[in-house]
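Read through the structures below before going on.
What follows is a pair of complexes built around subunit A, which joins subunit B in one and subunit C in the other.
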Partner chain A sequence: MKKWFTVCLVILCLVGQVFAGGSSEAADTGSGEEGGGTLRIGINTENVHTMLSFTMTGTSDDYYYSWPVYESLFKPNAEGGVDPWLLESYEMDKDNLTYTFHIRPGITFSDGTPLDAEAMKWNLDHYLEVGAKVAALLSSIESVEVVDDLTVVLHLSTWSSILPYAFSRECGYMYSPTFYQEHGEEYCTQHPCGTGPFVMTEWNYDVSKRFEARDDYWGGPVKLDAVEYIIYTDALVAQAAMQSGELDVYLAPDPETARSMEASGITIKACPVASSTYMLCFNSLNTTGDDPTGDVRVRKAISHAVDWKALVQAVWGDYASYRNQFGVGQHFYSDSVIGYDYDPELSKQLLAEAGYPNGFTIELKTEDSSALINSATIIQQYLSEVGINAELSVLAGADGNAAEAGWGKGLWVHGSSVYVSAPMQMASMFRQNLSGHVLGLTTLLRPDDVEAALALSVSAATEEEAVAAVGEANRLLTDEYDIITNFAETRGLFAVADYVKDSGIGESFYSVADLANAWLDK
Partner chain B sequence: MEYELNYNEIQKEAKKKNRQQSLRIFFGRGVTVKLCSAILVLFVVLSLLLPLVMNLDPNSQDLVNRLAAPSAEHWFGTDYLGRDVFARIIYGGRVSLMVSLLAGTFAAAVGIVLGLIAGFFGGIVSRTIMAATDVILSIPNMVFTMIIAAIMGRSVVSLTIAIGIGMVPTYIRMVNGQILQLKENDYVVASTLVGQSSLKILFKHLLPNAFPSLIVLYTINLGNAIMTESSLSYLGVGINPPTATWGNMVSDAYAYLYLAPRLAIIPGICIIVLIIAFNIVGDGLRDSLDPRLRGKL
Partner chain C sequence: MTGYIVKKVLTAIGLVILISLFTFLLMQLLPGDPARIALGDGASEERIQEYRDSYGLNDPVLVQYWRWITNIIFHGDFGKSVLNSRDVTSYIHTRLPNSISIGLPGLIFGVLVGLFVGIVSAVKRGGWLDQVLTVLVNLFLATPRFLTAIFGVIILALNLHLIPLQGYTAPWDDFGDYVSKAFWPVVVNAIYTVAILARQTRSNMLEVISQDYVRTARAYGLSERKIIFRYALKNALIPVITIIGLQMQNIVAGAVIIENVFNIPGIGQMLLNGIMQRDYFIVQACVLVISVMTVFCNLMVDIAYGFIDPRVRRSMR
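Our next item is the complex of A and B:
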């Protein structure tokens, strides 16, 4: 009996120690504006492939893990545009087909070497050689020329107005050429050496990454001692960790988790600039000739059958807005696009005109995500009210990914991230003669007038011209042909504890933060 | 002739007595078996009959009244799309019970036939069937069922077949073992000697004697099938939405565990209760059908 009592006592002491250790650790993580501390960021997945800038593909996880170590030539702002970041200024010359970039003086990589024109040219050349987005975003660049220590000129084959947007994403991250040449590519994929305020010191796969503050950061003193990314694959566990103070930030919760967190008192920051758009896509190409969606009247009937505003409110609540055209934010928004009001009677009338007075059965497919499934389920219910029996299929993993490029017959509910610039995104989705993994490559109609409008939007001499061209492309895609019915723009969501100050997380666009100035008020 | 008549009457009387004794043992095992039997009957009756007398639509959405609390209109409240949770529980139970009954019956039919063939004929046929059974059994059942379900797609039929195939080996193993044991009995040897056909021996003498164990296995497998269906639906390889099953109701409600825990708790309780009920009823059946236990209770 005594033995048992002793064993129990020892176990209790050990458990007590564990919990006491946990709380003292938590208390050590922050100590005021100038006092350092560790910012603990929860994230739901590992960045499995690489941390080497020019081999990144531009997924949201690429951006999140890059916050401490990389900075880009331009930076998305809260208005939906981009500002120079590593650049001090830039000039565009449409007549001579050049962009001139002036690098901000005094910038150094985390290995101490400077970011100069040679380093930038090395990075841009590398990206043009192996980068994942060259074909979609940078194909107009012919060569990169070093003019002086801090000036680089890009020579283009055709004019492109989207380059500043392209260089605000992973295409514009800078990596130390010296570090790369010293260590080789394989080593560098696991050891980022950028211009950012932190250096990665630990990478435990599927568990965590630790970044420690640089004392030679070009932007001035870094307030935090370190940033730690910890993987929480289960959102509810992450919520519990936020509530207990084990986490200071949780990245990109889905709308349900965000609502749940907000209800439990955790602050959810929704980026002012939306980052994803959701749409219903039709098999408008109808190569087999027997799909009802090959008839534009049927497509319009389907679009009028659904109360899109109610759908958006039900699925996302206040974290999204109804949007009747492709894109995000106000910059490229066009009032000339009418969209589709909820009008079941008009829908039935259009179906009757198209020869389907009693409706029909159609396939409705989507990928395996809660927002998409909920949207598809709601669409299915609305369609049943006008006599259309939509058979819902949820395609997971590789099946879903493959179907995105061509889902066969019927309807496809799609969510697409939009990186600030609508022309940049639309050019890689709706133009003719695209190849590779493109939305609806074998199912979406690509009319000549849409192609012309999108071509103009990319080569526009002025921003006004680009905006007008995007508006026209959207009018054709939506009102004229109803190739897609766009219904939502959603904003990047972040759970941020109230004591995390000046982090920039969730304050402009999902891909950027300002960890150099972040501090913990506790 | 008189002797034969008496023999038949005695046989009838004995069978009747056996049945009565089995029922007495079954219901004499205490209140738990009675309660569980009642629960099973209740679930079946509610799932089958309630939609006929009540105006229940499991898929009807009321997007304005999402996550509404239980009320007179919505007994269990509404879910995240404003669907009536009570209606989805009733229809979900219908799907879960149907999948389990069909999968269980499919597995029993295929497994019993293959088990009979393997046990009775022996030789290369037996070795082939048993080797295939061992291969399937070497793969964890959930993994095997997930693979089949993933290949066949997300529908009630494919899920039923996937779960059924996953359960077939248990029947083959059991029937094969039973037949190997039973076929050594004198009455089987005598039947063979008097020239009865293999089919007659299989279906008149061997199969009926293996039935008690099979009924128990069948009952327990019904519970297992519900568990598997729920697990597959929870893992996202179950039935396509918006069809309600208890498994996908729990799965879908997971994100709302803090906001509206009832969405997960109610179907979760249904799954637990039904599986426990099937298992306890299965235990009761085993006791009542096992001749060795009859004298003890």
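Our next item is the complex of A and C:
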């Protein structure tokens, strides 16, 4: 037996040595400060169906895959604001309802054509025609006017203070009009032609994307030769790849994977600007009239039944912080929002007042992500202590996506990305008369006073006015009506090998990186 | 025999049509709108309806089904991906060979090792080797494939650096790289086949070698090797063909987990992503390909039985 075992082991080792290729692949991606090499980025899903800027939908994966090829008019910074990027400067004129954009000179697309005022107008007009976020973010734009080669004026119908934030996301990406006209839309959805430092050379659907450095990048020489995105559907395999050096970066690990990676010596970078907020949403609209969550006392009872701070610590540890209101960061944070302390006795009292002294059974739904499932499971446990039997359903993929717009009865545990500006996000989620795929379109109450506060936050003349309006909207959403109970704000997490330098990944906001200056210190 | 084959072929065609119809209806019943996924959360209802119209998704389900199935039968056209407009037919053409390049070696490896282990176990019945192999076979049967896959990644790739962690290169592009990357996925794919075949072969062999004709052969003084390979194995393998036929469908159908863990661009990965994203034409095409292969394998087994087993031939008359 020993002989057999030894023979098998030796054969296995020999076969492995003969065919081994994994470690050598990782080694030949190395470079030095002088540049070169391929940055290998792991990501857990494809989830991107178009790389044509104005047909993108603004998912986090859209941004990750856009790092090498697109730049926007504005760029989110590490302080939670935005700075001009493709723009050299801009002016706002609230009285005349105009924004004037001055384009940075010398910018070219990867096909060599210049980014001028005509190209920008072409992009903005296209986005206004078919863009996914027009209704939510850009509905105030009436027309786009070319003033000279590098100046564009936006004429608005009503004042909107959120436009610089909107143009710091995919709405502000620029695509070469010449390339589009030469190749047509279908081709362009698979071949991005932006102003970024790389050009996509290979898209192996569901497997990988490869981007090679431009030698005519307007921002100067690009240090890396190439960037490759590789899909790792299994987080354990991704962790092993980071440990072995097959991967240099792994995007957006969930909290459990991040903890495990950190424990194995991999550096986890958390963006300074938070990017997601987590909340419990109630069927407060209660169109059928028989859902306990139609009663605000029940909603408040549920919110008091859970120790939210303990939940946040259990699910995210140090990767998140407790937050009692919608939004991220301090800029729009309001002290006037009280939120819900853990008080099971008060919870039981409120339930009794609402006519449910012995509790009830309720549906608790969420999407298929470890943070959401863990949160929902903990909420379920807390609710059982006050007599509420929450039946948990986890909806995967498109099921979850569909339920987000209306989950029927009961509770929905939701994670929402917040793109820097709270008013911008809240305007697309909680206002009246929204259409399309909006959170709780058929289940969330949308009172008039919330609508008024959110309208004011968007049209505010000053930043102070906008902050105050957001604070009031949050107070109404949380304390007054308890339409949503926020409990966490999380920051974008990235596993980045120590030898990856100056990449900008995880250093400001999750949607941007600085791959033009990245290099590998191997 | 011809009548038997014709009957089996017609049944197989009917079965494939039923499966395709069932899959088509099932996809329509599931919640989630591919147009909404493709256009994003903020897309207007007008844009959504335009998009659905362009793919014929607003037509009655049976009309959609008829258009889809006739396009496949008469034009070999599986349609376009609802999410990214890619041609599903060329997608299948690219992905199917990748799945086969992992599944087929897995099947061959599994059958050879499984038969060998089963025969050795039966011949050495009750001995230490039989006991060890039986424990191993039960372990292989009980261990989920993804666990075996992850185990290999951690031990062989991460700790011993013997194989790459994941990825795929087609054998016709770079054979050495293919062997290196496909080694563990093929082994994982083969393990279940090894286990189930070994168990079946062992029990069949034990039954056969206790038969009178084997005892008679021994009484004639024939060598044990000749008795096993010339007389016993031939009869013991007849039921095993059924098992091999069933395992053949795993060439593609069994690839879902393996392809996702190892990031292999095959049919299994395509199917799983299609389901998650409600990409109707992708899912329907994958299910159709898998069901055609499954039905074809079963048909081959049925026909092979007709040739191999005289009792089946007799029952057909």
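The definition used in the following text is that the second predicted complex is superposed on the first by the 495 of 522 C-alpha atoms of A that agree within 3 Å, B and C clash if a C-alpha of one lies under 4 Å from a C-alpha of the other, contacts with A are read in each partner's own complex, and residues count from 1 in each chain.
Criterion: a residue touches a chain if its C-beta (ideal position, glycine included) is under 8 Å from a C-beta of that chain, and two chains touch if they have at least 3 such contacts.
Remember, predicted model here, so these are calculated numbers, not experimental data.
J.: Name the contact category of A:236: first (subunit B only), second (subunit C only), both, or neither.
T.: both
J.: On the A-aligned overlay, A:370 touches which partner chain: subunit B = first, subunit C = second, or both, or neither?
T.: In the superposed model, A:370 contacts subunit B only, not subunit C.
J.: Mind telling me which of the two, subunit B or subunit C, contacts the most residues of subunit A?
T.: On the superposition, C touches more of the residues of subunit A.
J.: If you stack the two complexes on chain A, which partner ends up touching A:125: first (subunit B), second (subunit C), both, or neither?
T.: neither
J.: According to the stated criteria, A:310 is in contact with first (subunit B), second (subunit C), both, or neither; which is it?
T.: first
J.: Does subunit B (first) or subunit C (second) touch A:260, or do both, or does neither?
T.: In the superposed model, A:260 contacts subunit B only, not subunit C.
J.: For A:479 in the superposed arrangement: first (subunit B), second (subunit C), both or neither?
T.: neither
J.: Given the touch rule stated above, what does A:451 touch, subunit B (first), subunit C (second), both, or neither?
T.: It touches nothing on subunit B or subunit C.
J.: For A:396, using the defined touch cut-off, is the partner it touches subunit B, subunit C, both, or neither? Pick first, second, both or neither.
T.: Both: A:396 reaches subunit B and subunit C.
J.: Which residues would you name on subunit A as touching subunit B in one complex and subunit C in the other?
T.: Of subunit A, residues 236, 396 contact subunit B in one complex and subunit C in the other.
J.: For subunit A, which residues are in contact with subunit C within the complex?
T.: Its residues touching subunit C are 1, 12-13, 15-17, 19-23, 25, 46-47, 49-50, 56-59, 130, 132-136, 186, 189-190, 204-207, 230-234, 236-237, 240-241, 243-244, 246, 396-399, 401-403, 428, 435-438.
J.: Provide the residue numbers of subunit C that touch subunit A in the complex, in ascending order.
T.: Answer in residue numbers: 30-34, 36-45, 47-48, 83-86, 91, 128, 132, 146, 150, 153-154, 156-158, 160-168, 176-177, 179-181, 183, 260-263, 265, 269-270, 273, 275-278.
J.: Would you mind writing out the residues of subunit B in touch with subunit A in their complex?
T.: Listed in rising order, the residues are 59-61, 63-64, 66, 80-82, 153-154, 236-237, 240-242, 252, 254-259.
J.: Name, in rising order, each residue of subunit A that touches subunit B in their complex.
T.: Interface residues on subunit A, with respect to subunit B: 235-236, 239, 254, 256-257, 259-260, 263-264, 307, 310-311, 313-314, 368, 370, 373-374, 376-378, 380-381, 392-394, 396.
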